[in-house]
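The two complexes that follow have chain A in common; it is paired with chain B in the first and with chain C in the second.
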Partner chain A sequence: MTTSTTSTAAPPTTGIINPHATGTSLANQVGLLARRSVRSSLSSPAGYMPGIVMPLILLTINSSGLSAATRIPGFPADRYLDFAIVITFMQSALFATSSAGLGLVRDIESGFLDRLALTPMRAGALVVAQISGAIAIALGASLVYISIMFITQVDFHTGPLGVLALLGLSMWTAFSFATIGAWIALRSGESEALQGIFPLLFATLFLSTTNMPRDLIQADWFRAITRVNPVSYMVDAMRSLIITGWDGRVLLEGAGVLLAVSLIGVAGCARSLRRRMAKA
Partner chain B sequence: MNETFLASRAIAWRHLYKWISVPANFMPTFIFPLIFFTGFAGALGKLGDVRGFDYPASYASWMFVFSLLQTCLFGGLATGFTIAGDFQTGFMRRLMLAVGHRNAILFGYMLSTFVRAALMSAIVTGVAFIAGLQMLGGPLQIGGMYVLALSLSLVGTMWAAGVMFRARDPQLGPAMQIPMFLAVFMAPVFVPLDVLQGWLHGAASINPVSYIMTANRQLLAGQAADVLPAVLAVAGLFVVLLAWALTGVRSAERAGG
Partner chain C sequence: MASSENNGIEVRGLVKQFKKGPKAVDGIDLDVAPGEIYGFLGPNGAGKSTTVNMLVTLLPITAGRATVAGWDVATQGSHVRTAIGAALQAVALDKFLTGREHLKLIASLQGITGDRASRRAEVLLERVGLEDAADRKVGGYSGGMQRRLDLALALVHEPRVLFLDEPTTGLDPQSRTALWEEVRRLATDEGVTVFLTTQYLEEADVLADRVGIINAGTIVAEGTPAELKAEIGAPTVELVPASDADRARLPGLLAQFGTEAAPEVPGSVAVRLHRGDDRASLVSIVRAVDDAGVAVREVRQHEPTLDDVFLLKTGLTLEGAASDADVAASEPGPRSPEPAPADPTAEPVA
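For the complex of A and B:
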């Protein structure tokens, strides 16, 4: 009788996190939590708007301020805008580090992750969901930037397929940075650690080939930095689609770096999550 | 008057102590200008070869002036966030109860930002020397360059304080950051004003920061400097933004801190 009562009791239907409501497959769990993550991010425009607007302001000013660079012999584009627009995609990908990481830190600090351990939900689903939420915001930003490319008539050398490839690369870049953000969040559980890492990521962007092709960089020390900076290869791969055409070597280098960063990020997340859940 | 000074000094000391003792506060204020400097000076040296760019010192020297001004001006932004944080924690309410002359609060923040900007300028100068900074001006010219730059730390603080005494919420930080960001970048940052083209040339021609940037570059290179327009620009900004900041303090008073 008791069993019957228990089995017929209606499962809770309220709340976002209710594994009984739509089944408990990992995909469903991720879907539920990702919706929560995106909703939480979008609920505060002050949180995500600067990440979309600031790169555009910087692009507008720099593409005019640095237009003289196109007069340097060997500069690969007729307009600096064509050369520089890729920076906006990189900046929105960088932003994924903090949006994925801060979302997770909030869940750790509020005890949500610990409470999740008491439910049939897998903790890994929360991590994947926060990363998905960050990628969704990066996707929105990338679509804005692609629209701007069309409006400003950027000379896109690889055609419509190249636009899709650019979108794919920018999403992969956002994913790899988001895994790094999630890893730091899981490892430290503190927002200060994430805020501390952001200047470092910002530095990797500026100390790369974002503002000038490597061949035209005069300072030897800076050229050397761009060679060892993985961001240079990500930027060059995305940029080649716009200003060069299909360049297999550059795209392979970019994909290789992205694969390496993603694997490091995912492995770091998995390891830190295991440790955190063992403590919970 | 004495009470105002004592209160300002105490507020400045607390602000400086918080800045130095909390790495999360300290690091961004000096890392970001250094990133901009090394990123731009390292990557864009070839711009010095462009026709019309006839600056006698190195391109690192050219970008150093931009970074110095950015360091001083953006120091005010960090102070703006401190003010917003003090409102959020309730500290500002207690401060307003404790300090008889409320303008002393503003002057305290200005004093600490000035001291901080001087320290940051020394660090940026040291890094710039490693990256190839050349100081061709005499001691008086170099001194004048630093005075002009440091005066922008007061200007930046008054702007940020004016915003945050009104907004009292760090979420509204972009309202404080974006105009300052535009003021710094809509100037002859990478190339001389004559080499700039299009809308940016027009915007930079009327931007007061452009006059300060140009004069500072001339002072650094030991050239005959257009100091008067730069001094007038600083004075104009000072008067307007002092009024903006003081009315901000009044607004916070009316709101009850």
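For the complex of A and C:
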């Protein structure tokens, strides 16, 4: 084995053909890549339509099928639609998992990540951009759902400020799930892993308080699961803005769970990104 | 013309060992001079792409040291990436973007924005012949068009060192020739140092100023194509016998003229002529065969090729080594080998 005999490399001081190749700011990098992420998602209806339409289909089915639940003593809303509309926001946020993750996986599988890694781009910019792109799509979907709330005259107990708070919580939820999607994508580099996690996320949604308040769930095991299921706290926080009014305890619990999931997602992303971009 | 100072590549004792695997690159040394086109020749799985991935900072090195454009790939990666352009083995494109959007995105990430980015995109689209397809999504491009765009992306920021990992695989002959001309122009007119991996003998022979031949992670020969072929010296003569009986007599008859070599035509007999032996010539062989009454259908003379060099150094032909390597390739993501272009030096004489 030959050992190193070269002297320490001196920085080139002459002969720079590419004086402009100094890169661009982190904010610009994120902006450029986020625009690309959104455009890529919007260029294929299959990429964004399920995230908007599927929650509406589920809402329609649940509202018509479970409307009798409002007759149960103690049910917190007069119309099941008022209670269930939050499903759309939650499900749209769940789609952010795949939006952010699939964008990254596509770049990994196509080698485009390597192409980007050979530019002065900061590694984190791509992840932030993909997450931003996923949030932008979730924002679009949430605006559609808010319009539907107005059209269907959902009784919104916290007024215009509550609408903004709902939008904020919805985006935070999308962010936290997007970080989980990005983490899985960076760790596995395979679309199969993301597709595999999606049914699990849906099961988590249904095993929460999405369809029924916890106190009215008869089965003990189901009630116990909703207690440890973080999605329940996110749903309850968003729902409280619609049907209860400003409930500090529920909102704080929701924010706490969102913070925890976000921190776990961001930490996982950072760790997996470091490992994947294990370059000099 | 820009100065080409500090545009070289220096590699000393470079090693890459993947987890639970053999050494994909096993202590190679090489030097590429500024403005030089260095051909890195070897079969699939030999260690070419692994070497490139280490030199462009996409893969951490296990041991050894390498500098590119004066920067250490292990500790000064961001500087290396600023100085280099790379078109890696698999084209790296986003199928949802157009060709122009690709170029403008990469230009922007390199800090070239606005009108400058647009102008640069125009120049490169024209240079790689994609003006008409510039605003189509690359998902609809042919393989050759994608590869040309990939090369253009590597050139966006006018790199000082260019890495091309099997750049002509999948290209039609016309596109291949155009790419060779562009690579030559970059080296000659712009002083760009080019590190080119290939498994095509013709490509290395025609394009490279110097060639390194790698097999099983080790460089087995290095020099200009002419120097390497000069090591072989004498040509090979191959005879296609008319019958099995004639075939049986040929090896004994030819032994006086040289050493047995691997024939290209199945069933034929080949001999590499002794160097410096006046009696060892095509004419002598034809006379001897004729005198002995052995009937042959065809006689071919091959000038020494890089494949002969590879055979001399490894005991394998590049084609055979490629087949072996396909079975036990240790490089990540090796592509299926495509048929190599026909040996241009094969010269039927009878």
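Here is the rule we go by: the second predicted complex is superposed on the first by the 255 of 280 C-alpha atoms of A that agree within 3 Å, B and C clash if a C-alpha of one lies under 4 Å from a C-alpha of the other, contacts with A are read in each partner's own complex, and residues count from 1 in each chain.
The rule we apply is simple: a residue touches a chain if its C-beta (ideal position, glycine included) is under 8 Å from a C-beta of that chain, and two chains touch if they have at least 3 such contacts.
Treat the numbers as computed from the prediction; the structure is a model and nothing was measured.
When the shared chain is aligned, chain C comes close enough to touch A:F112, but chain B does not.
Put chain B and chain C next to each other and count what each touches on chain A; the higher total goes to C. Residue contacts after overlaying the shared chain place A:R39 against chain C, while chain B stays out of touching range. When the two complexes are overlaid on their common chain A, residue A:T179 makes contact with neither chain B nor chain C.
Contacts of A:S170 after superposition on the shared chain: neither chain B nor chain C is touched.
Look at A:T158: by the touch rule set out above, it reaches neither chain B nor chain C.
When both complexes are overlaid on chain A, the residue A:N28 reaches chain C alone and has no touch with chain B.
Legend: residue contacts after superposition of the two complexes on their common chain; A:S132 is shown touching neither chain B nor chain C. Under the contact criterion defined above, the residues of chain A that touch both chain B in one complex and chain C in the other are 44. Those residues of chain C whose C-beta lies close enough to touch chain A in the complex are 2-7, 10, 12-13, 15, 27, 29, 34, 56-60, 63-65, 67, 69-86, 88, 90-97, 101, 105-106, 108-113, 116, 137, 153, 157-160, 190-192. On the chain A side of its complex with chain B, the touching residues are 44, 46, 49-50, 53-54, 57-58, 61-62, 64-69, 71-72, 192, 195-196, 199, 202-203, 206-207, 209-212, 216-219, 221-222, 225.
Contact residues on chain B toward chain A in their complex (touch as defined above): 23-24, 27-28, 31-32, 35-36, 38-47, 49-53, 59, 131-132, 171-174, 177-178, 181-182, 185-186, 189-191, 195-200.
On chain A, the positions that touch chain C within their shared complex are 1-6, 8-18, 20-24, 28-29, 32, 36, 39-40, 43-44, 106-107, 110-121, 278-280.
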